[in-house]
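There are two complexes below, and they share chain A, which is joined by chain B in the first and by chain C in the second.
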Partner chain A sequence: MNSIILLAGTRLLVALLLVFSIFMLLRGHNTPGGGFIGGLIGATGFVVYAIACGTEQARLALRVPPENVAMVGLGIALFAGVMAIFFGDAFFTGQWLFIGATEDDKGLPLSSVLVFDIGVYMVVMGSILTLTFALEEGV
Partner chain B sequence: MTPTEFLYLAVDGAFVMVMVSIALGFYRIAVGPTLADRVVALDMMTVSIVAFCGLYAIFAGVEAFLDVAIVVALIGFLATVALARFAERMMLLRRTPNPKEGTE
Partner chain C sequence: MSWLLAFPIIIPFATAVIAFLNRDKPTGRWWSVLGSLLLLLASGALMVRVLQEGVVAAQMGQWAAPFGITLVADLLSAVMVVITAITGLAVAVYALADIDTAKEKLGYHALFQVLIAGVVGAFLTGDLFNLYVWFEVMLISSFGLLILGGSREQIDGGIKYVALNLVSTILFLSGVGLLYGMTGTLNMADLSLAVEEVENQGLLTVIAVMFMVAFGVKAAVFPLFFWLPASYHTPAFSVSAVFAGLLTKVGVYALIRMFTLVFDHDIGFTHTILLWVAGFTMVTGVLGAAAQQDFRKILSFHIVSQIGYMILGLALYTPLAIVGAVFYLVHHIVVKANLFLVAGVAQRLTGSTDLRRIGGLYKSAPFLGFLFLIPAFSLAGFPPLSGFWAKYLLVKAALDIDAWFIAFVALAVGLLTIFSMTKIWGEAFWKPHPDGVEPKLNKIDRADLWPLLLPIAGLATLTVIIGLSPEPFVQFAERASDQLLNPQAYVAAVLGGAS
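Let's turn to the complex of A and B:
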């Protein structure tokens, strides 16, 4: 589809959608957001790009096959679940690391929940893009 | 009348107007004689839903609804683009004299 309006709009929208998807991923857990919705928004960015510029260009922009993104994401999510076993907790218990914590300050909190969310993000993004690219090329 | 009361009065009035616009969009989707009418009505309903999310963020005081509005505004045009491609392809199929492609 060679529409100059769509091409010009896509350049702005793809960057905006991808940045917003990362924002949604990082603010999850306590506020609305998280890996699933972030992955959907990120996948939409690539779908818009595929509609405007063609599927080959979108695959080049993604650099790795979308199937691999989903697989690696599944591995990361599994790793986040297994991590709890090393600390003697039940499977999938959230592990927290407070960097620079003092008596009355929590410091910088890092959790295995975020690792799991990143895994979910990659699974959702990879699987949605696999489906969409296959549909686009099939039509 | 305090400013807060006036704000909530305005929000209530705006709710009614947005509802009416969504209902009119529904009517056009149901009645609309051509595909283009329905697509434009769908696009108008998307914009109305963005307005509804913004109003509800004021009404409930929950700023998370603004994110919903942002996502709907960013993605809303995607349905229009996809339906435009569909209409384009349908016109191409109609023009091609080969009947085998049209029967799929």
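Let's turn to the complex of A and C:
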């Protein structure tokens, strides 16, 4: 699409959307957000870019095929569930690591739940981009 | 213990990821075979455990029973998972020769493995909403498989398939919602206790009928089967084989599970409907097949007619009838998948599946004829093959409770099945090929021949084994039926503090 307004807007929006999607992903554990909504926002970033500059450019910017992003995401989500086997727990039991924890402070909590959310993020983003790129190229 | 139940679901998903990332390389298809082999091992291990210890249950994520997602395996679930793994392996090997690289690049193997994961998940879950999720997994991946290649008739069949299945999904979901509103739980074991305390039993019957329609669409029973013959003859042969073997059977499994465990409060009403449905399904399916001229369309209509037998077992609701239904399920999956695989080889040799345009297979490829006869006669119920025992059990169960009419219908449908099988035999095998083609097996590339014939021979051997020594299988089905009709062990395993 040849629109200077859209192109100028895209430059601002894409970076903002991508950063915001990571922010949504990370805050999602205890507050509204998470992998699904983060993935949608991230996908929106690339979709806006594709509308402004064409899907070819958007594919280049993504560097890997969107189908692969989705499938690797599925693998990561699966791995997050399987992690529990190393600790003798049931499938999908959350595993926690508290970095720098003291008696009265939990420090920085990292969990396999977050890994699962990252997997979901990639699945959602990859599938949405697969669909929209295919549709835009078909038009 | 919990991992034994989780692995049959994890393995196909992991295989799907690896196979998809290797979709451009020839190793991709071997990953699919390897994954199917591992699934067979995992399901075998699960089966051994269930045989030794009875019903096993596990809580995912260690959320206790009525709240979290439970995976449960009783004998019926375990045997369905094993038979899914066997069919999956057979079709994965067959696909080595059947699926071209264009379809592989589009992700055939990944979709296939996700479909297997969905089927296994549906068999193992003990949670009603989770069952819905597995149905969705199956629907999405099977739609992908159905339209892979994108020919006009594939899209046509795919649209009908998805449209009707979505109707079923909506009914299923509404039923789940209403049931949750009435009982406050979705765990199947918990539900089986909770429905007894529901005051408004009339509303419960309405919900039961909603589930019956929803699963009935999935299982392709009369009058909801139209999507099946409209779509099953269009995709690749590997795809229609795995669809024919497994997809409708998940619907039958769900019917058996729900109408023995949860909805057994008004058997006189619900199971009478099922009995009529069973009769009409058998008859319309077999008559529909008689009118067809295409190899795969005839087989598709026969799926419908055979589903009727399984529903008949559930509808009669005596211990022997349930034995027959379980036996029939196992026998049918093996036989039906195999017939579609044979149809694939026949199409390769003769160039078509239209019976009017092919022929001469018996003269030039007698071995294929032999391999076709085993599942075909088994389907029609010839002694001593597996189908004979399956039909014998069901007819005996019907006669035991003086249901003369339905027993007569079952026998008459068996006779008409022979008519269809002899039609295929006469047209595709005996009649000379109208264009003078000599369909010899050695025309197929040697590298393709083994992957095509090995699964067919393997499944045929299984049919013969079940037929010649039915005793252990019937005994197994008796134990499974006992568990289904006395769900206390199932409920205790899920709710009774097992972690």
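Here is the rule we go by: the second predicted complex is superposed on the first by the 139 of 139 C-alpha atoms of A that agree within 3 Å, B and C clash if a C-alpha of one lies under 4 Å from a C-alpha of the other, contacts with A are read in each partner's own complex, and residues count from 1 in each chain.
We take it that a contact is a pair of C-beta atoms (placed from the backbone, for glycine too) under 8 Å apart; a residue touches a chain by one contact, two chains touch by 3 or more.
Since the model is a prediction, treat every value here as computed from it, not as a measurement.
**Student:** Look at A:Glu56 in the shared chain and tell me whether it touches chain B only, chain C only, both, or neither; answer first, second, both or neither.
**Tutor:** After superposing on A, A:Glu56 lies clear of both chain B and chain C.
**Student:** For A:Leu17, decide between first (touching chain B), second (touching chain C), both and neither.
**Tutor:** First partner only.
**Student:** Counting only touches as set out at the top, which of chain B and chain C does A:Glu137 meet: first, second, both, neither?
**Tutor:** neither
**Student:** Scan A:Ile41 for contacts with chain B and chain C and give back first, second, both or neither.
**Tutor:** Touch status of A:Ile41: first partner only.
**Student:** Just to be sure I read the superposition right, which of the two partners does A:Leu6 touch: chain B = first, chain C = second, or both, or neither?
**Tutor:** first
**Student:** If you lay the two complexes on top of each other, which residues of chain A touch chain B in one and chain C in the other?
**Tutor:** Common to the two interfaces on chain A: nothing.
**Student:** Give the list of chain B residues in touch with chain A in this complex.
**Tutor:** For this pair, the touching residues of chain B are 64, 67, 70-71, 74-75, 77-78, 81-82, 85, 88.
**Student:** Give every residue of chain C touching chain A within the complex, in rising order.
**Tutor:** 2-3, 6, 10, 13-14, 16-18, 20-21, 58-62, 107, 110, 499
**Student:** Using the touch definition up top, name the residues of chain A that touch chain C in the complex.
**Tutor:** Going through chain A, the ones touching chain C are 67-68, 71-72, 74-75, 78, 81-82, 85, 89-94.
**Student:** Quick check: in the complex, which residue numbers of chain A touch chain B?
**Tutor:** Touching chain B: residues 1, 6, 9, 13, 16-17, 20, 24, 31-33, 37, 41, 44, 47-48, 51 of chain A.
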